[in-house]
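Which chain is which? They are A, B, C, D, E and F, in the order written, and residues in each are numbered from 1.
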Amino acid sequence: MNSLWSEFKKGIIAENPIFVLALSLCPALAVTSSATTSLTMGLSVMFVITMNNCVVSLIRNVVNPKVRVPVYITSIATIVTVVQLALQAYAPALYDALGIYLALIVVFAIILARAESFASKHTLIPSFFDGLGMGVGFCVALVIIGVLRELFGAGSIFGVKLLGDWYNAPLIMILPAGGFMLIGYLIGGWKMLVQHMEKKEAERSEA
Amino acid sequence: MNTAIMVVLVMTGVGLIFGLILAFANKAFAIEVNPLIEIVEEALPKGQCGACGYAGCAAYAEAVVLDPDVPPNLCIPGKKPVADEVAEITGKKSAEVEPQVAQIRCNSGIAESTKKYNYVGIEDCIAASLVQGGPKGCQYGCMGFGTCAANCPFDALSMGENGLPIVDQKKCTGCGKCASVCPKHVIAMSPIGEPVSVLCNSKDKGAAAKKVCSVACIGCGACKKSCPYDAITVENNLAVVDGKICLEKCNNPICLEKCPTGAIVPLTEDAKKASVVIKEAAAKAKAEKAAQAAQAKKEEK
Amino acid sequence: MEYFTLFMGAVVVNNFVLTKFLGLCIFFGVSKNLSASAGMGIAVTAVMVMSSALAWLIYNFILLPFGLTFMTTAVFVLLIASFVQLLEMVIKKYSPALYNMWGIYLLLIATNCIVLSIPLINVESSYGFLYSLVNAVGSGLGFALAIVLMASCREKLRLADVPKPLEGIGIAFIIAGMLALSFLGFSGMIG
Amino acid sequence: MMKSFRGGVHPNDSKSYTASKPIETAPLPDKAIIPVRQHIGAPCSPIVAKGDLVKKGQLIATTDAFVSGNVHASISGKVIDVGDYPHPVFGTCLAIVVENDGKDEWVEGIPLKRDWQDLDTDSINKIIREAGIVGMGGATFPTHVKMAVPKDKKAEAFILNAAECEPYLTADHRMMLEQSDRIVTGVKIAMKALGVTKGYVGIEDNKPDAIEAMKKAFSGTGVEVVGLPTKYPQGAEKMLIKVLTGKEVPSGGLPLEVGVVVANVGTAAAICDAVTQGLPLIQRVTTISGKAIKEPKNILVRVGTTFEDAINFCGGFASTPEKIISGGPMMGMAEPSIDLPIIKGVSGILAMAEGESNTGTESSCIRCGRCLNACPMGLNPSMFSILGERGHFEEAVQDFNLLDCVECGSCVYVCPAKRNIVQYVKYCKAQNAAKKAAGK
Amino acid sequence: MAEVKSNKELFNVSVSPHIRSKESVSKIMWTVNICLAPAALFGAYYFGLNAILILVAGVVSAVFFEWAVQKIRKKPVTVKDGSAFLTGLLLAMCLPPTLPWWMTIVGSFIAIVIAKHAMGGLGSNIFNPAHIGRAALMVSWPVAMTTWSKMTTAADVVSSATPLNVLKMQGHEALIDTFGNASNMYQALFLGTRNGCIGETCTVLLVLGGLFLIYKKYINWQVPVVMIGTVGILTWIFGGLVDPAGSLGFFAGDPLFHIMAGGLIIGAFFMATDMVTIPMTIKGQIIFAAGAGVMTVMIRLLGGYPEGVCYSILLMNCLTPLIDRFCQPKKFGARG
Amino acid sequence: MSTEHTPKEYSIFQIAINLTITCFISGIIIAGVYFISHPVAVKNAAAKEMETMQVLVPEADKFTPIEGEEDWYAAEKGGETIAYVVPGETKGYGGKIGMLVAVNADGSVIDYQILVANETPGLGDKAGKEPFKSQIIGKTSDHLVVTKDASNKEDVQAMTGATISSKAVTKGVKEAVDGVVEYVGGVK
């Protein structure tokens, strides 16, 4: 149980896909100008990565290594297409908001990377938790970025106006330039956080 | 329904075509690479310290996999576990790696040493050593600009207030990077747990060494004579302790008491305690002797 | 003229990296040194043009007539992945020199969003064949331009006293932000 | 139009302290500390021992190595020690200490009278080698090595380097005014030995009287005396050749690659002494200057005299000096003490009063590009300092031609951020050499 | 105990050379500040109270941020060298006089903290901090950044737009109309009695300041000359083509207007010569200046913004590392 | 099937069939989901379009497609055509702007809604919001012209800092209106 928890946890903080591994950065910017789209994207990715990890860990023994990558990609593509179809049918507004980036989940490096480096070597349960952890980490990162950008760039979170009319929102936050810079600083901050936690951890283990 | 059937058909078709192409390509363009290299690299600690003698961890990984003569235990920071792992991956036998730590063989801080001149320039030992051999009175001593600390890949060295580097024994992996960058060759790699050592690097003759540093080894050889295990040698006016012998045999570091300048220093807690005991005993003996002498004098009278 | 406008638009005005956030993984991953980034830029452009052409053919002759447009993503990604893998193997076999120069980046490209998104955008905007190719070349060169600029800036900053936590990818993002800010100067110029 | 080279700087020449002071002869020292190494190349080994009696001009240390320079006793007396002593260039060095017996006797056989016109190339070179003559501008490169033209090369011109571009120094200036005969003879001898008919004398135009004197002295010899714009480092060999002949010595090459041999004023005079009178190099003219010196002078001084003695002869210190420099302020070495012997290459001793040397605090490079404009070698010095600071030594060599740097200090002089570029250059060179050595 | 000599008695030893020129970073920076001062003072006088507020806010906040960052990073505090002062001043001078003063502070935060210190502080920044600050404000509050005051002291102008804006939207004829006649317009541009950013209007004072810097050899004359020349020539050739009132044909542009309007003068003399962010060799600097000129004209004539100096310099800043790489000085004695 | 360490020798067919099977399964899954979701998606999309049109022309009780013109609808109230809802397209600052415009039979604008746009947030994207919107509403083709002259009350005042977007949107609306006027004129 403990090891499952650590599989899960590492994806959120120490190996956060966006802030630490710096993988799948496109959505981290493209869809994070509002918290809502960030969350949708995050949940979609979470779903895809968890599902795919499960699928891959189930079929890992019957996949021919020569076509490993195409097979995994097919699996991802199938799941993504399913998500696409579902969103299109049941949440068309979000489907439009995510636009092409929804389709691009297919090529998010993080998903294939987890499939290759984890799920293809582990059984179903750890793979599930690994995927879930990575997915949650991804989602958390996206939501953090989304919330900050929306708060500063529009004075609201999830569309709810938090800052009054006095707040003259700087548009740079919802533009690419501000997004890039914000993530740069978040990555720096995250690094400090991880280091701080590691230090704490080391101190605890010493004590 | 038609669409659904088409979906299945197209997907299958695509799969078949690409599958065939890739499979064919695999045969036609097959090329062999050794996947072990990557696995070995993964096992290394990636400090990129170069202690193994190769330009970084990847280079060592390649060498250890491809060259049967390259031993698996060259990674010093990784110590035994890594050596075992590499040995297992490459199918080579693992030999014992001697665990080592860096030792600063100069105990002459700001208070103990003289200065030749005011150094004005880049705060770096190698750069300073190019200017008249560095500002320190002793040409063999630590200059204290911290080049070793700056180059430690594991963050194990820091500069103390007295201008000497301090080794964090826990962090030090014994990679030897600091020793290689020190222009004065003050840092030596020594066995972990060595009880005593001569913390001096001066090859000057006694008087000259003493003139520029109050804690210099003057090469008098008193320690050598006192050591029952022949662990100490004196060469070029400098005593050197063979830590291995001390570690194995000695639990009574009498040499500490014999050194007239205090250049031999106890390093472990045990040795420190022992040295206190020895010194007390010596003081006592001295006092007794003095008392006896006084007694004798008295008696003479 | 129309082609030229499209081309220039893709290269500078609507630079995919700096305004649409595509291809960021490579953009940040392979921009540590100039020659690697230049190689990457060329590789991406080449792959993008070839896969755009293939994708356009498949889309317009298979997917569109049979009403299977919702499967575009799945088909394209497979197409590109297989194609790139094939390309990599061919290069590795026949030109190890070329492979060492930029073959190693090919696997990275296989699952890269910019390579997938250009064909997707082409078909979504119902561009013609030639138009698609021009768009692919422009976008590829735009990517190459951005990554080369990025690499030259990062090479320079390698020698700078960047705050510890920002070293590496953090400062790269900040540079990217400033590049994006500068490229805003082109906005409104074309299109 | 006056000829010039690219780059260079215009520091205040500070020559007025001593420019008008005639050369004075310093008293003999009580003891002379004569290092066995006063040149670039292999050190000599002593051939006298403690207790031996030596006479002025006697050979006391020598070696078989070609790139080296013989060492002679500069005073007569008793050898009281052979051991390590402080050295102005190498820190410490084996030296022979001679206690003055006050007699100042020449060793047997010299001075003699010799007509140089009868000598051929080989014998002139042999005399120069035996006399231990080295480049007296400060580089101390053995002169006989310079004069030895390899078979595959041909010397076309001889250049007398009288630019004396270092601020403060006026020793060459005074010699040109006072001892033009020696210099002219020295040049003629060198030209004969090299088999060249073309000669140049390059003098910076801040010494108009010297130009005048030289023009007069060299009239009718076919040697061209050229006034050069005052600009540091006009006296750097490569710059001087470029300005006078228009040829650029290729990167990493010696002047002979373009058929030129360059020698300093003092060296020419020493050649004259050695060839015409058989005198070895045991004394030199040097400038003692700087704000902290009471009476700055040009003095004729024996090799082995300590800095302290020389300074005392000039009235001692006027104020506590902040820095002691052997050589000029641009390329000379700062010394940790004044207990150092004057050796053949010490063209000046400067005692800088507080604030005179103006080092400043180093800050980060602002990429102003002044160093690029100042660099006579066409390099990018700012990159050396930055790469050195960050530890990219190989890159400095490979991408920025570090090894072409002559360490003239022009870049540091102009740097507004006060960066120690020359130190970084030395640092990078040392690191590279260490890496290379480790690689082998 | 061996005797320890006090530092006083020891000589200083360092590597040669032992004399240095009297130039220093802070001397250069403060001289540039002083050269900018007349134009800034003119702006303060001409645009009134809010402009003064912006100038003060810009300078004070820039210096404060520099101080704060250096304190936090535990680096030596170098606010006295005048570089932060210069950044703040340049930023404030490139802002419209009606901007809320607190936006200036945001701008100088971006300039100092993000554009300068995130990249390692003085000397390492790739982009001109003041221009990054301005560009960031431009996209953050585009309305505030493009709202121009009606002039307070000159009664003869009513338009609330800058001359370049008028040219872009209404054409050359309308532009001259707003000033009455052409000579009025040139006079206004030359003296600075027109709408525009606080410090960019007074051509004559900026040129004088720039000439002083050239005289002091703090900047190379080639840079402003090439940049202004490029803009002049290109606008003369192509300027007439894009007039909203209909194309006037080739060689119908008004180069003099383009040179004096907008931020070209301040940009060419004070921004394109910021040594940190431009190439080091003179060859590279000329390429930089020419490129900046071309970009400026492209943006003014073809782009969405009426003014392009700020972006053109930023764009060339990105190219600086590349230019530097390919424009190294030619080394002495290189064969062939 | 095989473990990591055995030599990897497969026939071409083996490899191909592996991928083929995967794709086959994937095809079945996609087809299945599509089969379920597609009708829902179509229905929702249609409903959304209706909703949008309803917002534009609140009084209408029915929208009927107009034959011969793609995506044109006649808004009807009690069987009478009270307005036309037509798509408009124009090129803005950030590319294509797509919108729906409701036009009175007399050629004045009732309302419009921007559907697809990539204008600068906070500037150009205000073109679909108040107060710019109310300037357009009610205007006829003649006055659908952007002006920068503050005193001109007849025409459309440009949004500060977003002249291009203002012009683009106005142009798009104007074209839609012209189209309707021509259509109506043609019918009559």
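The working rule: a residue touches a chain if its C-beta (ideal position, glycine included) is under 8 Å from a C-beta of that chain, and two chains touch if they have at least 3 such contacts.
Quick caveat, the model's predicted, so the values are computed rather than measured.
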Any chain in contact with chain A as well as chain C: B, E, F
Between B-D and D-E, the pair joined by more C-beta contacts: D-E
Furthest chain, CA centroid comparison against chain D: F
Chain centre separation in whole Å, for chain F relative to chain E (CA means): 43
Inter-chain centre distance, chain C versus chain D - centres from mean C-alpha coordinates, in Å: 61
Centroid spacing, where centroids are CA-atom means, of chain C and chain F in whole angstrom: 29
Chain centre separation in whole Å, for chain D relative to chain A (CA means): 69
Multi-chain contact sites of chain D, meaning residues that touch two or more partners: 333-337, 359, 364, 389, 420, 423, 426
Touching two or more other chains - residue numbers and ranges from chain F: 10, 14-15, 18-19, 22-23, 26, 30, 34, 38, 93, 120, 122-123, 164
Multi-chain contact residues (two or more partners), chain A: 66-67, 70, 74, 77-78, 81, 85, 88, 171-172, 175, 177-178, 181, 184
Contacting residues of chain E [partner chain A, same complex]: 100, 106, 114, 118, 136, 139-142, 144
Residues of chain E defined as touching chain B within the complex: 1-5, 7, 10-15
List of chain C residues in touch with chain B within their complex: 62-63, 66-68, 71, 74-75, 78-79, 82, 85-86, 89-90, 92-93
Residues on chain B engaged by chain C in the complex (per definition of touch): 3, 6-7, 10-11, 14-15, 18, 21-22, 25-26, 28-29, 31
List of chain C residues in touch with chain E within their complex: 34, 148-149, 152-153, 155-157, 159-163, 166, 171, 174-175, 178-179, 181-190
